[in-house]
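As written, the chains take the letters A, B, C and D, and residue 1 is the first residue of each chain.
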């Protein structure tokens, strides 16, 4: 087993999930690399040091350029705010590093295209942390679809509901709340939440041809953390769209941070000719499955408790009946990535895969602005 | 289609459910008899008249003896308090009437045995309104068991939880609250609630060999509605027992009126070698089913929405997806009874079937008193 | 209590639900009228006679004109296919009858406007059977909204999913399948299913300003029952739209008959600033409620079992914990109607209320055709 | 932060959960000690080496006596089969080590009493890994009880259902299946599963006065892994009992490995005068709560998604809505233990606490044998 030295950029929420994935992967998965937490890079030296102490990073940097230049690091993992993704990734690729990036890839397709071009030109391994593909239930959904169990697909239905920005007292911007500042985040829920829905949808159901969208900013002004002034809110608080997939199925997508009672209710449902599948992040260890080929009077939605040895990834964990949680999805993605690295395979979603999601989010934002159906740029 | 003249004794809650069953059965089921609501008999003439007006009874009686003697009546349906069941049923049988009786049959096995002897001697059709057998989901459970889908049975688990007597201000006795007076009701939750659990269990899982029980009266004294005095409470507020069935399976039974949050949570679950079944009165239109013979990674509990044309009784109702409710179980039982009457078949549960339930409740009360395992008298 | 003579047009599924409502209403509700099932009118004399025998209608007609002209009838209740609604309703109004009509009102706004004009001109009582308003859980939802418990509304989300037309072998047209023939039905799922979603939404959340819609016909050709030939399918199999309400909330609506695993999954969810509500026809006796004002660590979605005496309509039925079913919604609507009739009040939804739903469905169909946002004609 | 050197005995399922807890605790909790994975001790040197490599243990031992004698180790953590617990724990205590032990404490009260005596005599910190107390939902349940929210307790209801031993082809004994051999395990489901139910029950609801139990061995003979012969099965496959708590509440307990469809369905429900609580290991991140003091028509069971910052332990993990899993319970227990160690506080459940559970399991086994109510030895 070879060591693989990780240089992490960003020690916030996402820095924690990635660091945990690298800490845990060898405890549970038999992969050809051992990630070593080499260097954490954060703008605030104090916080970066504390993060290093907590996670066992061997050194600390405050300028990502030094990290990119460092010979001690094999992988640059970008877990900093969205407005830093493109610049760091492009530099890292040029420096010949493996590049991992938290989603979304760029703030807009132009940034993302440049990032794809950079990793392609450099020929470096790359991946984007759309972690929900590796929820075992979601992976199983993909397997069932690949096996043709659903038949012709008629409907795709997905949403991502949160409620944490309802209070008008919540400020925007700064370290904690940069997701409410479009200049940093790129957009609001479209890029933050719908990007997850779209990534999964493209993976499970193929290309989206066109969309008709609406967005809304319910709270028009908030105090900005950096300026201290009340300023217009620039992000979309809610975003919904109709879509038609290339395979002929119809879809509804919706995301919001104003759905009282839901913390992170990411759901999808797929209706095929022969079978349907539904899943929900609030009970991520379950997959709901309906098979019309079951005996007539015994047909029903089955709640599959995804904790058995024959479920994706689950043989590596505990015993049947014992559920895993959110952070395991990152461990699974790390395991797949390291496995692929050993084999010289690129592991999905790559930068190129993630760019396709950006094309959809961009079409959504355009459609909401123009009040027209918009064709999605694509493959 | 022949008319069948109904003489109803008792215009309380159960009088309503039975009257409704007779009013509705011909609207939905093709049976050889048309029940005619001939006479309602109630001790209070005013209330009996109001009941007759509401339900369309043609006449009113205040003494059940007149009803039993009446030539106009074919069926005596006993929906009055438990302490009246034996006397009326025996007289009705002697008068050659068809006799229907609300559960439980008698207040104790001695009364019930006399009732069975009377209908046997008279050779009259008879039935007890253990209505829950005719919940379509429960009937389907029986069909699945009869088809051998469960294999060897290991466990039976059932409870009936209510919470309506928790307040110590609630009085006991009288017209409304006779169920809290053991001299009228026979017992508390053992005869009122567990009798349902037991009837279903005997029907689905066969004879119970022996029981070990405990009962409790949480509120020791209550004001009595008739005397106006605070008197000792004579019923069991809660009752639970362990049991062994003849088929080798183990069981737990529990009923109470002190389970905060449950209004009428009657549930059962059966675990067999190959499959398991669960049901719940609070969502009576669903059956939960787990089949181990399903493909491994797709095994799960299926929630079958029992509203399709191939589910028991459901072809007679609406269209798939539209649920029925509580009162329909009585309509189904009436339909089966009338069908059987046309064919000269006795329809279960007969008085004799209901006596077997009384043997179990009696063993439960004995065991709770003696703190011993008690063998159930039986077939 | 006065008799009210009912003349029913149509003895299909809807004729049964209405007849049942009139048969049952006096058994459970104290209202100033007793509906008398006077005459059933059906094109097929044989079937009409059978229907009359089953439900107790005193006479049979095969031409609705005779029914409208009859002095014996006070109410014309239209439960025949959609293409007959306007003509019968207008004639009935002119004849001074009370006019009740199954939903949707007409096949298009022009028909519906003529119907409204007719009942207005005649000054006759009128009502449309949008029965789901009278599901006790839905009525309670309205009460909670009226009490201001939700605060500012951000989101409305509703769907109606079925799966009964997925097979391409299913023919279209004729007596049983006129809902698949747009010339009879007016439209497909938009008028049949979404009309329910819209009626409830207008009632709970107010006027819809504008919509962006898409529709699809998945199976393009089917054999026609009447011609025996394979013909183009004229209805929409699926219909989805985005909407903005006058109160500023955003909505997604979707209906389909191609959602495998769902028989009649009508659902809605409303997210307000302070509280959220969700409901589902497959478990119609439950209301899901989340209140942000609950103590922080004890916040959660509450599943309210709507069977208690303080829930709308439920005091009239059984005892707490015992659920009612689909047909009860029609009984409730009949009770409210008769109550209103006694008081000289018009009872909602009137023809005029139902016309507003038609304006929305019309905008949806237009938008799907034109691929534009369409402003809804309105109040 | 001081280092604390861990000597782990046993590298099976439980060795993994404990090792993971020590690896992860400092990543998420601010505690005064840093556990160092010093030595793993396993009988099979090959497997022990592999385990050490996987988890980062610095050295390997094959004889626990060497571990106990080692100066490099501060803590002896016993995760080996039950028949080794007493001997190792007693020796470790004598050697002045902190002693942690997987549940159950001993195979019977005599062993457990000796273990308690040993740690008491040595004055060493000690704890038993009854991990389910630290499921955040279970900890919250305890808080609600402590705050007096439930009022007088009437009922406690708990079960632990599995289905992994139904096949008669499954052998007994040896490394993998020692839980089926009573000479190693002490008993079957009573000590393995019910011990969890009892530990939680004693913690939440206080002392159990007396029990009436039944046990069953459904498969009477199995091939033994060590002898290769078909031998009688010595464990209890299923165990159920009635109980009365000191606080006057009644209880039912049940555990089995023959409940088809359930992998690890550990559930409990508590019914109090004012409120009820229910929990279920298959969805461990939820707590069900019913409060009778809620407004009447809005009463219902609330499903609390235990992922918020104000829920026990959850501020240390991710963001609201994101669930944790099984292994986190051990991390929480490790955190509490290290915190207590820093403060000089003993952390529950200590050996003495765990002995009380053994008194109950012992009474259960006695009662099942003697068919009598048995008084539980205790405080």
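Here is the rule we go by: a residue touches a chain if its C-beta (ideal position, glycine included) is under 8 Å from a C-beta of that chain, and two chains touch if they have at least 3 such contacts.
This is a predicted model, so every value here is computed, not measured.
> Suppose chain centres are the mean of their C-alpha atoms. Which chain sits farthest from chain A?
Chain centre farthest from chain A's centre: B.
> Find the geometric centre of each of chain C and chain D from their Cα atoms only, then give the gap between the two centres in Å, rounded to an integer.
55
> Using Cα averages as centroids, what's the distance between chain A and chain C in whole Å?
Whole-Å distance between the two chain centres: 42.
> Need the CA-centroid distance for the pair chain A / chain D, whole Å please.
Distance between chain centres: 36 Å.
> What are the residue numbers in chain A that touch two or more other chains?
Chain A, residues with two or more chain partners: 262, 299, 301, 305, 308.
> Think of each chain as a node with edges to the chains it touches; is that a line, ring, star, complete or other?
Per interface graph, the chains form a complete graph.
> In the complex, go through chain C and note every residue touching chain B.
13, 17, 19-20, 23-24, 26-27, 54-55, 162, 164, 262-265, 281-285, 305, 307-308, 318-328
> Which part of chain D faces chain C closely enough to touch in the complex?
Checking each residue of chain D against chain C gives 140, 287, 289, 291, 294, 296-305, 308, 310-311.
> Under the touch definition given earlier, write down the residues of chain B that touch chain D in their complex.
My answer: residues 154-155, 157, 159, 161, 163, 166, 212-214, 216, 218, 238, 240-242, 244, 248, 250, 252, 254, 256, 258-262, 271-276, 290, 292, 299, 301, 371-373.
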